[in-house]
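Structures given as structure tokens follow.
Look for chain A in each of the two complexes below; its partner is chain B in the first and chain C in the second.
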Partner chain A sequence: MRRILISLVFLPGLLYGQNPSANKILEQIDRNMASKNRVLTATMIVHAQRGERIMELKVWSEGDKKSFTEYLSPARDKGTKMLKLEDQLWMFSPSADRIIQISGHMLRQSVMGSDLSYEDMMDDRKLTDIYDAAVIGPDHIDGQACWVLELRAKTDDAAYYMRKMWIDQERNIPMKEECYAKAGKLLKQTNLSGVKKIDGRWFPTKMTYKDMLKTGAGTEFIINDIQFDATIPESVFSKAALR
Partner chain B sequence: MLTFKLAIRNLIGAGLRTWLNVFVLSLSYVVIIYMNGMLDGWNRQAKTDMIHWDTGQGQLWQKNYDPVDPFTLQNSFGPIPGELNNLVKEGQIAPVLITMASFYPEGRIQSILLKGIPDNQKVLDLPTASMIGDSTEISALVGKRMAQSNRIKVGDLITLRWRDRNGTFDAADVRIAAIFDTNVPTVDAGQIWIPLTRLQKMLQVPGEATLLIRGKSEWPSFNSEGWVSKDLKTLTAEIDQIIKGKSFSSAVMYLILLLLAMLAIFDTQVLSIFRRQREIGTQIALGMTRWQVVKLFTVEGAMHGVLAAILAAIYGIPFLASQSRFGIPMPKATDSMGLAVAEKIFPVYSIGLIIITIVFVLITATIVSYLPARRISKMNPTEAIRGRIQ
Partner chain C sequence: MIRFIFKGLLRDRQRSLLPVIVVVTGVFLTVFLHCWMNGILGDLIDFNAKFSTGHVKVMTKAYAERVEQTPNDLALVQTGKLTETLQKEFPEMAWIQRIRFGGLIDAPDAQGETRSQGPAIGWGIDLLSANSTETQRLNIPKSMVKGHIPTQAGEVLISEQFAEKLKVVPGDQITLLGSTMFGSMTVYNFKVAGTVKFGSAILDRGAIIADIHDVQLALDMPDAASEILGYFKTNFYNKELAAAEVTRFMTSSDPADPYSPVMVSLRDQNGLSSMVDYMDLVSAIVISIFVMAMSLVLWNAGLLGGLRRYGEVGVRLAMGESKGHVYRSLISESILIGLVGSLIGSAIGLSLSFWIQKHGIDVSGFMKNASMMLPAVFRTEVTLPAFYVGFVPGLFATVIGTSLAGIGIYKRKTAQLFKELE
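Up next, the complex of A and B:
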């Protein structure tokens, strides 16, 4: 099956003697990375100007529309929970003992002081729905041959006007992504590494997000354990689970 | 007249006791006039500064705009009515476009209000003309507070990131063209000003604004659909409320002072009536009615207020006049609360304030003097002449 898919991806390029179709590569990534649901525990390391903050968290997610996150440590963040359902986001903070909905301008704020904003977490539309993608050439990252994809917004409401993605040619996973402002300034960069074969699929277990306008080494997101297609009770994705 | 003469003679005869009472009461006069004059001066200065820097003579707000709710900003753009174009070109009306943005001082991220205003406007005192320059660069203005808190200097290049009308991120560097010094923090703290046409282009809202500020010329007739008018009274209502709160807290202070003075007068009256029983008895025996004696004692007490007014004038007028001329220096941190406070406040003493203060103190002193004097009307003159306690 995989061979057939690879052929589907690369055959047109070979036929024309050019790069493969970017949309096909994106679809292939979706197939490789997507799962019905996943449960993971991860460590988030925020490299701030005044030192680093390390947080442990557990995430339950179903498709792109539903996710539930619980912070396990450090003590001051323990018990903080976030629930995303479609385009809505709620947060529970045990110190305030309140559930608040993150909306409007608050979505632009940083998640727990990291280089990620809430709206980065909220953008769950398919890349192919928002961007026109084109392969602009091959490249290498850590010795791995990659295709470089350039994605230009085809809708008015795309968060980033242009993105560049480096896709591992062999394993069909993104290795690096850059997000650009309309004026061409590099705004965000994501590096993916620690690729492991989990449940028959290649998956990056370390992601480093960096707001390129800020100083600092960015935010590392390290997946310690991940389960695909696990059984998640529906009650997890409810506001009642936040308290 | 006889009552007055007697009252003054008795008061002067009482010596130091009278002068102590008069001094404390005179302090009440001076403090009441000083505190109220300072608040009036502050109120006037704050409103004048706000008109010059922030509100103009009146504003029109796009119907969705709510300055205390930043969530409204992304939907608060409206086309500037065509009928106002000439006044906008002449600089008599200043359209202002407002959006949320982020800027990166020393590698940190900070949320700010990014405001666009025409560089040729003549409505506000903002030095917008200094934004006219090289068209390849975006020139910006910041206030002194914003510059100090983020260590910004003229000529610095700072990075801004914003979202356009559709939500797409964009970023650019802007050059600080000038740093303005104002008493009005509402145009300074957490804000960066750039030319209006630039911001319209950046947000993809050509010809649109969030609010319109007028100068001295009235609004011409135009189709105001989608715009809400805000008059000067509404725009400066916050200052009135703060001054009202301040008036109450300062009133507590001078009422305590006045209470002390009144207590002293009251005690003096009680003591006088006790010590001068024989005098009271003799006066009644010689033909004065009881109420004439009550009147004499009441006038004596009330004369404290008159003497205090004279004493207060002797030392208060030079003091208050000097404060009014040279101003009262205010601590630098006072205006960090979001209220317009100048480095110096010049008190304003209105005739009304002075008259009301004098009448108020005199009436209070008269009432306080009358209350103990009422006992005289119940005195038996023969017992009083004998000096028996009644």
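Up next, the complex of A and C:
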């Protein structure tokens, strides 16, 4: 689910399911949301314990393997760029004039102080490759009827042992996700809202991420503008574009 | 009389050799163990005080609750004013600001791209002020391996082991990738001035030491610091005085405000109080066990000696020597054995302890994955109690052992002596 939610922003979704009913639901989400590529501008608001930080960013993504992000503001972060190609991630800092590869334990660190980790951004495997999915029943969020899906890890390297996701039955979009540790502790929570019909598909334009182990009130990610199936030059997804 | 007993002991070595060996062994082990425990405990406290805890530490309440994570988003602000207040209110202590931070250190190749990198724990300390005491406190001059201590802004020290891992040498550029006080990402370039070896696995694995003003710039922490450490100007940690300072400071702390400064004494950080109490307890138990074991062995030796000297004691009783006199002479012998054994045992124990105090034992091979801040070279510490901690029980155990064994003398029946001797 986290991958789906990250995919909403950074990557087009590609989802499959093993449990027949869960599989059908995930396919419906995919049909609704998948696109060849997307370009979006967004505002990220990090509600930290000592106040909030607002960042503007632009994201280009193609398939589920390539994405390029440029931070437009504030001044301290302006010009910072990130490139993801397959399972590798680089970032460029204009102040240090350095291209740095993010790897190892750094992938678990927060992205720009938000409630998202690089690992969350990087995990582009299909959910059904990592989790056994099952529909555990209906529920309601903000008056909308939802299916509740439970995904349990079937591989040792899954980022979370268990995930629960609430899927809007009518519009085929995720509304909420909870990620749990093996001991049952809630690690991350995501709420999606601001659902709009864009280019004939329903799409949530606001995501609120909360890392339950961090202080602060979470991170809001608001999509200001999004284009599906735009023309993106291949040069965007290259290290040369970082500088 | 003493000379007479002493000659008897020397001439009949079977009477004295085993008890003396037992006393020497027991006293030696007690003295050495006492010095060893003292040394480790002293090093542990000293090392933690210098690098981590101070004699007291001031932090925000919220930072103190998560101190092991070094959460700089909860750091102290307006630290210049706070430090001035502390210097005025607590003049018996020296107050210094520090920033502790974590992050990734990245070494670039010729194209400015990542060549090697590794996680680091960092210290922002006052390196560049003319009157800074920090370099001496952290023993940096003696810990230098290559290069020099930073003399200008932008220069840093990194641990030698870390430098080897990153393949950097003094003069190379490295980049810190971390988080600012406000949670934003920071990428900041430093120049390696030199490399150091502190002799602590956790530090030598990946430490970086920079001037606090550079770290304030890198982490967007103007007039802010993770913690303000207080050190008694005598350089000695005084448990009672530190507790009194904490109590006095805490009267002005607001428990409802997570950013209100709180003061914590050395003992109440890094689990040191429970460790100190635990080691004190272990030390007391070990010494008690030695005394008890020595008493039992010497009692046994006394019994064996009593059996061997059954005839001698019988003759002495038959010749009219009183039971009390025989008993007292045995006690006198045991005092002499105790004195000699305790002197030899203390001398060996103290000599070995003095040697290890001077040269140390390198245990770094066993501490490669240590997560605690421990020195890699263990040393003993010879204190005044070491001169009597083994000597007194050595003497008493011998006397107690002989007293117990000698009780048999009073059970001998004079009327049957000649019959027994026949």
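In the analysis below, the second predicted complex is superposed on the first by the 223 of 243 C-alpha atoms of A that agree within 3 Å, B and C clash if a C-alpha of one lies under 4 Å from a C-alpha of the other, contacts with A are read in each partner's own complex, and residues count from 1 in each chain.
Simple rule for what comes next: contacts are C-beta pairs under 8 Å (C-beta built on N, C-alpha and C of every residue); 3 or more make two chains touch, one makes a residue touch a chain.
All of these numbers come straight from a predicted model, not from anything done at the bench.
Overlay on chain A: chain B and chain C clash in the combined arrangement. Of the two partner chains placed around the shared chain by superposition, neither chain B nor chain C is touched by A:I45.
When the two structures are aligned on the shared chain, A:S110 is found in touch with chain B and with chain C. After overlaying the two complexes on the shared chain, residue contacts for A:A183 are found with chain B alone; chain C is out of touch. Of the two partner chains placed by superposition, A:A241 touches none, neither chain B nor chain C.
Residue contacts after overlaying the shared chain place A:T215 against chain B and chain C alike. In the superposition on chain A, A:I198 makes contact with neither chain B nor chain C. Contacts of A:L85 after superposition on the shared chain: neither chain B nor chain C is touched. One of chain B and chain C touches more residues of chain A, and that partner is C.
In the overlay built on the shared chain, the residue A:I100 is in contact with chain C alone; chain B does not reach it. Taking chain A as the common frame, chain C overlaps chain B at a single listed stretch, which among 363-371, 381-389 or 399-407 is 363-371.
Residues 49, 103-105, 109-110, 215-216 of chain A are contacted both by chain B in one complex and by chain C in the other. Contact residues of chain A toward chain C in the complex are 46, 48-51, 53, 76-77, 80, 90-91, 93, 95-106, 109-114, 215-216, 239. Across the interface of their complex, chain A is touched by residues 62, 71, 73-74, 104, 106, 108, 112-114, 117, 119, 175, 177, 179-185, 187-189, 220, 258 of chain C.
Of all the residues in chain A, the ones that touch chain B in their complex are 49, 103-105, 108-110, 153, 156-161, 179, 181-183, 185, 187, 211, 213-216. On the side of chain B, the complex with chain A involves touching residues 70-71, 73-74, 100, 102, 104, 106-109, 111, 159, 161, 163-164, 166-172.
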